[in-house]
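Note that chain A is present in both complexes that follow, paired respectively with chain B and with chain C.
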Partner chain A sequence: MKYLPLLLANLTRRKVRTILTVGSFAVALFLFGLLYTIRASFNQGIEAAGADRLVVINKVSLIQPLPLAYRDRIQRTPGIKEVTYANWFGGVYQDEKNFFAQFAVDHSTWRAMYPEFLLSEKEWSDFSASRTACIAGEFTAKRFGWKVGDRIPVRGVIYPGAWEFDLVGIYKGARPQDDTSQFWFRWDYLQENGPPWTKGYVGWYVARMNAGEDMAALASKLDESFANSTWETRTQSEQFFMASFVKQMGNIEFLMVTIGSVVFFTLLLVTGNSMAMSVRERTGELAVLKAVGFTDTFVLGLVMTESLLIAVVGGGLGILAAKAFTVFGGDPTGGLLPVFYLSMVGIVSGLVATVLVGVAAGLLPALSARRLQVVQAFRRL
Partner chain B sequence: MVKIGSNGSSSSLVVARDVSKTYHRGSEDLHVLQGINLQIDAGDFVAFMGPSGSGKTTLLNLLGGLDVPSTGSIIVAGDEITRLSGPRLTQWRARHVGFIFQMYNLLPVLSAFRNVELPLLLTSLSSDERRKRVETALRVVNLQERMNHKPGELSGGQQQRVAIARAIVADPTFLLCDEPTGDLDRKSADEILELLELLVRDFKKTVLMVTHDPRAAERAHATLHLDKGLLTQ
Partner chain C sequence: MALPLVYNIESVRTRWRTTIVAVLGIAGSVGVFIAMLALAFGFKAALVSSGSKDNAMIRRAGATSEMDSVVTLEDVRALEDAQEVARGSSGPLVSPEMVVVANLPLKATGTDANVQVRGVSPRALEVHRGVKLIEGEFFKPSMFQLVVGKYAVKTYAGMGLGRTLRFGGSDWTIVGVMDTGGSAFDSEIWCDSNLLAPVYQRPLNIFQSATVRLTSESALGPLQDRAKGDPRLQVQVERETAYYEKASSMLTNLILGLGTLVATIMGVGAVFAALNTMYAAVAERSREIATIRALGFSETAVIVAFLFEALLIAAAGGVIGCIGALPLNGITTGTMNFQTFSHMSFAFRVTPGLLGFGMIFALLMGVLGGLPPAWRASRLPITVALRDL
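== the complex of A and B ==
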């Protein structure tokens, strides 16, 4: 603590430079926080995916259907515990900008397959009791101000027509990464009111395997059982399925890492230059400190601490701003990134990166300050 | 051997034996000091004079442990400082030497108080003890009223007095002054010299001073001349 006045005096010597350097850290870490959040948002489906769930889709493409008759064959496959199925609806609520995922689900099996989505018994029984019933995630319900009892009109695109649903429940996620933007209604309702070509077909199956089963072997077995049929299948783990889905949008991971690396490298140059200037312009003062008895190691520590302090203050402000943005601003895409939050892992990663840049930026100037010879420094003055 | 012992003390505070300093500039050797033999007693006020490049500042740097001789040995207060290096030499400086420079060399971002306090940060003194010592040192140099002013808000003479307060605050064994009046007007220079005399007379400090100014040298108990790296009395 006794060195604090010296430290603060050095940092406030060039206020504008210090503010700009702190600002660089703040902006960089704010950006890092958002990039991390977006990356996590894209990957949330992968993180939330069940480790024991398989997704069975048409081998040609996800948009090609599979016969309902496959349900029983999948169910009978040794190693499979339970099966459910769903269809992508793709309707429009009020405006095309109001995107959210809408699924026609099998109400009798969906709940058991996704225990991470929390609903009361009453909400489930209401869902089972009415063909026009629907359930929305709390993110979407909050987004549109829906309450249980509301009638939700949706314009069908793949399944043309004016569809209306009665909201009987709002589900929550058991974990932060669980997607609460989905909208479910009953598959049998879709069957009754959909066009003829949809009758008897489902979009995909989700199967839970028994504990201890070899997932890859089970997936191969399922696909082999439907080989050489009109509707061949491709079976994947839910995590792999989600990862493939994200990959279809491009290499998000690569994009994020590249942008992040460029930002941090630039930050390193800016801060390193700032610290080098700071040390160079007070060569005489550092020599005086050494002359009166401060050791080389103390001088090194002083410069490193200045660099770290700038980094931590700036980085802390930036990450705090990013957290505030995700909490108060929410998903900036209006629904494409429903799980938009900066996790503790993201915050800690940001702060660790900040400290590393602070150390790296201060290291060369600090070593140069450490090597400074008093006599030579005075001779240069 | 040049012996300075005007105060009748039996033991020498500073002893330099066959001290030489050579700088290497490319293939050329620059002999800045050659065969310096010197003995100075505690409580002396010694001036070093000589033309530019004669080695005055180099000798002062060697005696103060800022530089190391090429050959020879230097003993100060019983410590052979030519055997010390790195952190041990730095610690020795903190304990024994107070430096006063021509350009004051104060830290411009710190107040006079904080500048004077600097050497005390290396001690285990409490904040209150440090404050008392700093106030005492500033009172000695008659600047207690300006303790919260930064160097830029003080005159040259006042800045040098702050530098003197910084030099004496940790009660060092001796003071090394490199042209302490070189950047001051006559009146301020006289004030500084009177202050140095006071420190020698009333506080029993040993002062070694490099100067170009004969009037400054007159204040010293003895004046040594350096010419081309050789010492004469």
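== the complex of A and C ==
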């Protein structure tokens, strides 16, 4: 600690260079935080998926419906605890650009299936009390400035017509990775007002299994029981179902890792270079330190500490700025990435990477400072 | 009088270590910038090239994509005899198409993908003129046969000429592979719409869209007026290219938005690296600069010289970035287009325009990173700097 003034004096001797190097770290870590967040928001569905939930869809494709009669058969299957169902509505609110997921849900079973979506007792009872009721997630309600009591007009596309819903509740997510962009209204309302070909059919089922069941075995048992019918099913864990969406988006992981590596490699060069410059400039001073009795290891430590200090200050600022960006700025795409959240894991991995780059960048200049021969250094003066 | 350029070129060469840092910083930003744009434009180009300017697409009024549209045979009949519709050997060139998705596993990951399946009639080939068969033949009507796109063969498991695909409770034989020049059709599976409808539990003669070959590009307006004036019809008529452009907008904007954000932040970092290099160059050469000024070169000459040096570094970075991004051109990748709810392959497109854009981006970073140090160089007090000698 008593060498702190020396350290600070070294750092402030070329203020512009120190600021620029710290700035490079800040920029890189800001970018790291952002990439991490983007990646997480693409993977959000997988991370938020319930470990004990199964999704049952039509084997042909998700766009094909399943008969409502399957509800009881799924419910009766040993190992299944509860079941709910929903339909994709796919309507347009004001403009096609205002996309958000709209589901017609079974109000009596939806709540128990998704305990991660938080609503008050009153909001749930209001949803059950009125057929035209709807519930929106916090993200979507904020995006369009909706308040409870508002009447929300949605133009039906798959289910043509002008639909109107009364907003009775705004749900929050129990965890930061929960998607709060959904919009739910009542499935029985859709049945009453939808075209005749939709009557008696649901989009998909979600079932919860009892604790300790073998999910893969249960899934194939369900599919076997509906095999060779007109409506064959495909049952997957919710996690796998979500993963198939994410995998279709393309290799986002690869893209992020590539960009991240380019950034960190460049950063290594920038810091290494400026540390090398400052050691070269101070050859004389370092030689004096050694001449008055400081050890080689001390000089090595001095240069390393300087490099680390720059890294940690810059990296810390950058990752904090990234966190602030996700909290206050939010989704930069205007509604396409509803879950835009930088997790603690992301922050910590960013800081670890910072320290590693700081050490790696300082190592070569620090070693050359350690090797410095007093006699030779003085001869150059 | 201006300083000779060779002065700066030599100076860059002498301090190659610090120069490389700045060059690589700029190269990285330019590379990422071009790669993201090539991704976005490649995606858009693939969709837009599916359409043709003298084709019109008919969908239900208000439908957002082909998937959620319904067009009946009556709608098609009401429009096919219009004078704006071109005629072929077997009558009006109208292709009513059923568009659905099938669950098929991706080769790369084994997870399911939403593959677009298009039920058509043989007349579709006369309407979509970009479709060429590269292997096998077109399906025969009323046979459970499939024609698959060239990307579909590569992307989804179990594809290939002669192989059998099971979906919707029927076995389908793949009899042909089509190449549509990298358009969205290359990721699709085509079959007879009359067989596809029962598989998807749908009544016959209900389609998602109808594509019409127009007599000329300008025939679109009159056809739109005709559709609007017909009280029986609840349809929208669009130019086919306009439909595909709209269907690409959401994802294109997403990639462009995120790509620009990432490239800009990287650009700021690269400017920092350039500033660092150039400030160091100025600091190391303060005596040199003072000497030059003492010899009678003006402040402007010094600014120009140092700015030129920064631009030299930036240009080198830009060229390396462009060369680094160039191999991406033509590489195919896939994504889910949520506007059509289906998976689609497309190729990165690194165009000369994009490369030019990347160079402009590089030079911009050079100016931002070079101007402040150049300014400082020109302001060095001559007497103080020379006294250091």
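Basically, the second predicted complex is superposed on the first by the 378 of 381 C-alpha atoms of A that agree within 3 Å, B and C clash if a C-alpha of one lies under 4 Å from a C-alpha of the other, contacts with A are read in each partner's own complex, and residues count from 1 in each chain.
Just so we're on the same page, a residue touches a chain if its C-beta (ideal position, glycine included) is under 8 Å from a C-beta of that chain, and two chains touch if they have at least 3 such contacts.
Because the structure is predicted, anything quoted here is derived from the model rather than measured.
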For A:G23 in the superposed arrangement: first (chain B), second (chain C), both or neither?
second
Where does A:T266 make contact in the superposed view: on chain B (first), on chain C (second), on both, or on neither?
second
Applying the touch criterion given at the start, work out whether A:E285 contacts chain B, chain C, both or neither, answering first, second, both or neither.
first
Which superposed partner A:S220 touches (first chain B, second chain C, both, neither)
neither
Return first, second, both or neither, reflecting whether A:L6 touches chain B, chain C, both chains, or no partner chain.
first
Looking at A:S108 after the superposition, I want to know if it touches chain B, chain C, both of them or none. Which is it: first, second, both, neither?
neither
When the two structures are laid over each other on chain A, which of chain B and chain C touches more residues of chain A?
C
For A:N210, using the defined touch cut-off, is the partner it touches chain B, chain C, both, or neither? Pick first, second, both or neither.
neither
Based on the A-chain superposition described above, do chain B and chain C contact any of the same residues on chain A, and if so which?
none
Could you pull out which chain C residues touch chain A in their complex?
17-18, 20-21, 24-25, 28, 31-32, 60, 62-64, 67-68, 100-103, 106, 108-109, 111-114, 167-169, 199-201, 250, 253-254, 257-258, 261-262, 265-266, 268-270, 272-273, 275-277, 279-280, 283, 333-336, 338, 341, 343
If we count contacts the way the header does, which residues on chain B are in touch with chain A in the complex?
61, 64, 66-67, 86-87, 90-91, 93-95, 99, 101, 103, 105-110, 114, 118-119, 121-122, 127, 130, 166
Residues of chain A touching chain C in the complex:
14, 16-17, 20-21, 23-24, 27-28, 30-31, 34-35, 38, 57, 59-64, 90, 92, 96-97, 99, 155, 157-158, 160, 230, 232, 234, 240, 243-245, 247-251, 259, 262-263, 265-267, 269-270, 273-274, 276-277, 332-334, 336
Seen from chain A, its contact residues with chain B in the complex are 2-3, 5-6, 9-10, 12-13, 284-285, 287-297, 374-375, 378, 381
